[in-house]
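Quick heads-up: structures coming right below.
Here chain A shows up in two complexes: once beside chain B, once beside chain C.
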Partner chain A sequence: MAAVLDATADTAPNRGTTEMRRFLMTAVPLAIALYGVIPLVVGGQPYWLNVLTNACLLSFGSLGVWLTFSIGRVNIAQGAFALIGGYTTGVLTTMLGLSFWIALPLSGIVAATIGILIGWPLLRLRGIYFAMVTLSLTEAARLAFVNAGSVGHGVLNIPNPPGINSPLAFYLFAATMLLAGFVAIWRLNVSRIGWVFRSMRQNEELASSIGIDIARFRVLAFAICCFMGGIAGGCFASLQQNIYPQTYTVADSINFMLYCFLGGLEFVLGPIVGTFALVIAFELLRSIQEYQALVYGILMIVVMLFLPNGLLSLRGLISRRAGGAK
Partner chain B sequence: MSILKVEGLTKQFGGLTAVNNVSFDVDEGQVLSVIGPNGAGKSTLFKLISSFLAPTSGQVRYRGEVVSGLKPHLVARKGIVRTFQETTVFKEMTAFDNVVIGHQLGQHAGPLGVFLSTRAARADEARFRESADEILDYLGLGHVRNELARNLPHGYLRSLGIAIAMAAQPKLLLLDEPFAGMNVDETDRAVTMVEGIRRRGITVLLVEHDMRAVMRISDRIVVISFGSKIAEGTPEEIRANEAVIEAYLGQDDEAIGH
Partner chain C sequence: MTQILVNGMLLSANYALIALGITLIFSIMNVLNFAHGQMFMIGGFVVYYAVVVWGLPFPLGLLGAAVIVGVIGMVVESVFFRRVMKNSSREENTMLLAVGTALLLENVALSLFGEKQRGIPPIISGVYRLGDAFLPANRLLVLGISLALIAAVLLFVNYSRTGRAMRALAQDRTATLLMGVDVPRISTLGFGLGAALAGIAGALLISISGVNAGIGTAISTKAFIMIMIGGAGVMSGALLGAVTLGFAEALGYAFFPGSVTYLIIFIGLILFLLFRPQGIMGKPWG
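And now, the complex of A and B:
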């Protein structure tokens, strides 16, 4: 029934309007939460501002991981690229004296370049094989930095971004980055590139049979992911004013993936909701100390069990209950 | 005028020779069918021609140019587009979106243009959508345009697979067992569809098991058995060919296609 109704409405200009409405219905609440609700609630608490700044940056990184999910690859390497970005920003600002505003995009570009070089051969792998290799990449990156001579013990005294020196300013900066990342990925996802990515997830052979250069598009998705990881790491290094080989570990890479799962792989908002939910839950559970990991684990299992399509699938469930149709 | 030349095509898997020194030409505008009993090497030959498999020796020439060994998407770019056996479609998309994505080769705008939704990208998209509706209507899928492919009845999926391939604007369409598992009515409709495709000036090469349908629509037929070509000719010639009768009689009844 719904499909029949859609059929009459689905002419070209209407599709554009529907997409714009859907975008605004997600982007506006996100902007209100980031710029209004969060500063109002925790604006005076530097600790929580710091936590939420971190959540914004991690969300930015998981948006990239979400994109590699959209081509059907489980990517557990984002920690490695965040580390690469963090080190790039650290080295460029402290040793070469570059401005943060130049070092930050360069961090993304360096991470993306390494991603392209590594991704080109690796992305032929699928399923568990790709996941396992990316998992080991994170550890490989850590070991590489440990053995990287003078920076092996970390880069210290990384300057904050110029003009951004209060916790609130840094939070607003991170929130703006996140919103920009969200808009970019949303746009990519609704564009034909997003359709090509999804076609590859559904059947790579069929996609290549109609002339889609699957190797190139796989690398494109992975490079954008690595770029976002690099940017997130660069911002984080500048916020913390330091970066160590153990700043991002295998556990962080796994978390990036979990954020996407938890939020929902079908929604661009998914990785953001997943990241905030997990980061905040982890902080709240800090008070129960040794049971933190246990409760955290149980919560994860419960969510996966009852909401296998992620937290955002709740929205669909609720509106279906309320309205009946759709 | 031959559009495709298959020259001494051979494929070995370890010690097994699946396709052995097969040669034939496909003339432009014709329907050529490759038939053979079960296990004759039809599928392997099909994959070799569509470049989803590289030959051990021999080559495939398209308009004089060697295309065997190229990546599948490059072969598609030249105008050779294949379909798949069974029901290979983008299951999580609507029928309409399946065909729209099939237009990838017609894209003028680059990735950045697509991302920024430039005028060229919007023009591409409008053209694809119009053409997708035309193809869906043409293949009798117009009324299921907004259904998710995974919800479509089995019979529609093969048509949808052909619709996706048609969207890529092939000069040469390779059909992998287009009549397999169809009843008489469905086969009739599929035969009409293939004839329509041919009337559009598209050369068709198909690999098929069902002798009856093949006899009706083919200009020429190539018969392979145990990997080797045993006969080639018009349907009448093939029907009278001793070697073909023997090859098919050597199989169980089902293989003859009732």
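And now, the complex of A and C:
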């Protein structure tokens, strides 16, 4: 893990030390939380380890959706690509007997390829049109797998990744994936491409007029998103040891998007904070049984109403308040 | 073949109520109402409780569904949307708020109504024959009510004073404000009317196919398909979209198993959007 950080430290953009310090200010606490605090606190409880493994993988998928938010598209298709990734891993490991470590990257690549093919024409759509069509895409993917012959009833007995056979090991694997994903997206976000993406969100025509090939860049963002969705889906399939067409529905795609939003769309850390907050809140509410869903729904709407720019915007609000008070 | 046409017509009329409601809300507020399906579902449950649990006559249940869901719509507009539209930094936020509202309504419904599929007995019994097609009287009644309501909504929006204010609002919010229209009141009314239409659609359809607390997303998806076909924010487009989807569904169900029908509809939709991204009647942008 330290190696991961060091490697990025070397290649991180050299736009002054501020950027580097900001990166470390976020990445180091995140790494400490993922590798130190969480294993220490819940290391002995398989149930919670499982919940947090889920949170790590969901965050990984949400990071991809966050990237499509950064080009100004509301993407409700991540469930479809997680499904594609999950099925790829499932079919490759059970039917072709490939190792998980080969199947997983292939899952990402298959998802990204399909993402490019579908995304190229569809990314011309904007605003609610893109949101609606991606939502339809999730449902279309589910139906396509339902009608896909023998795998339509699901792929069972997907092996766990070789070498990973305890809940703790799987958690550490998921945490490493998440940290790597975070570092990669952060790096992308502060690079030139990140600026291009943001300029496209503000005004695509303007970006195009200064010579940015917007069609290529928006497909790039979407492909990375689909890749991450595919990887997350592949890991899930291996963790749960099965995948069904109904494993990812429209509701899951919507959740991926909500995680980003509730964390804060202005921050790379946003999707991670949003996912962990919502997943943990949902689990903690389990003790109140039938009111779980109700309280969860109310909590979510309260956050939206009072922190419309995400949980992480709280920090900015507080510092502004404190600054004003002085 | 006649049967397919009859089924298509029945579906179209019902879908038109859903599509008109979501279009009304979209054109006035510029908000894509993700909670539309959930409002539909609540409308269905109101009728279920009125008719089956409390033994009230169906028309009363229908009225109750329209009023209750309409009020829910107005509350959602004035408490949630107005607030967030005022102080959010990105335009996506209202759409996400709509998603949050949808989840909230669905979770409330799950807690209140449980997970069971609920239906009511047909409002009137009997079957008519039209050529070689069967036409249950119940469905005919639903068709009649739907068509009457569609006509009423179109008349209201096109010829009443409030309807004119709504259309003005859809064209230009600022100009409407400057002309002295009480914009917040019209927005609330429009949202309420759109929601009430969803509630009525649910109230009518419960006598045919029943509802359950989780049906919302599927209905919203259908509503989205219709406005993607017809063009978002255009009344005529909403009707066209509803007719297209209704007949496509009726045709598909006659020849394919259910899941294949929708797969074909989705593929067709995506191909259609490649050639006409703004829908049939929608205005091109950018």
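By definition in this document, the second predicted complex is superposed on the first by the 305 of 326 C-alpha atoms of A that agree within 3 Å, B and C clash if a C-alpha of one lies under 4 Å from a C-alpha of the other, contacts with A are read in each partner's own complex, and residues count from 1 in each chain.
Criterion: a residue touches a chain if its C-beta (ideal position, glycine included) is under 8 Å from a C-beta of that chain, and two chains touch if they have at least 3 such contacts.
Note that the structure is a prediction, hence the values are computed from the model and not measured.
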Partner with the higher number of touched chain A residues, chain C or chain B: C
Touched partner set for A:Leu311, first chain B, second chain C, both or neither: neither
First (chain B), second (chain C), both or neither touched by A:Met177: neither
First, second, both or neither for A:Met132, with chain B first and chain C second: second
First (chain B), second (chain C), both or neither touched by A:Ile193: first
Touching partner for A:Phe261 - first (chain B), second (chain C), both, neither: second
Partner chain in contact with A:Ala223 - chain B first, chain C second, else both or neither: neither
First, second, both or neither for A:Ala251, with chain B first and chain C second: second
Touching partner for A:Glu205 - first (chain B), second (chain C), both, neither: both
First (chain B), second (chain C), both or neither touched by A:Leu52: neither
Residues of chain A that lie at the interface with chain B and also at the interface with chain C: 205
Chain A - residues contacting chain C, complex: 69, 74, 118, 121-122, 124-129, 131-133, 135-137, 139-140, 143-144, 146-147, 204-205, 249-251, 254, 257-258, 261, 265, 290-291, 293-294, 296-298, 300-301, 304-305, 308-309
For the chain B and chain A complex, residues of the former touching the latter: 50, 52, 71-73, 76-77, 81-84, 88-93, 97, 100-102, 104-105, 107, 111, 114-115, 117, 121, 124-126, 129, 145-147, 164-165, 167-168
Residues of chain C defined as touching chain A within the complex: 26, 32, 80, 83-84, 87-93, 95-97, 99-101, 103-108, 110-111, 217, 221, 224-225, 227-228, 232, 259-260, 262-263, 266-267, 269-270, 273-274, 277-278, 285-286
Chain A to chain B touching residues, read off their complex: 3-4, 6-7, 10, 12, 187-188, 191-193, 195-196, 198-199, 202-203, 205-215, 220
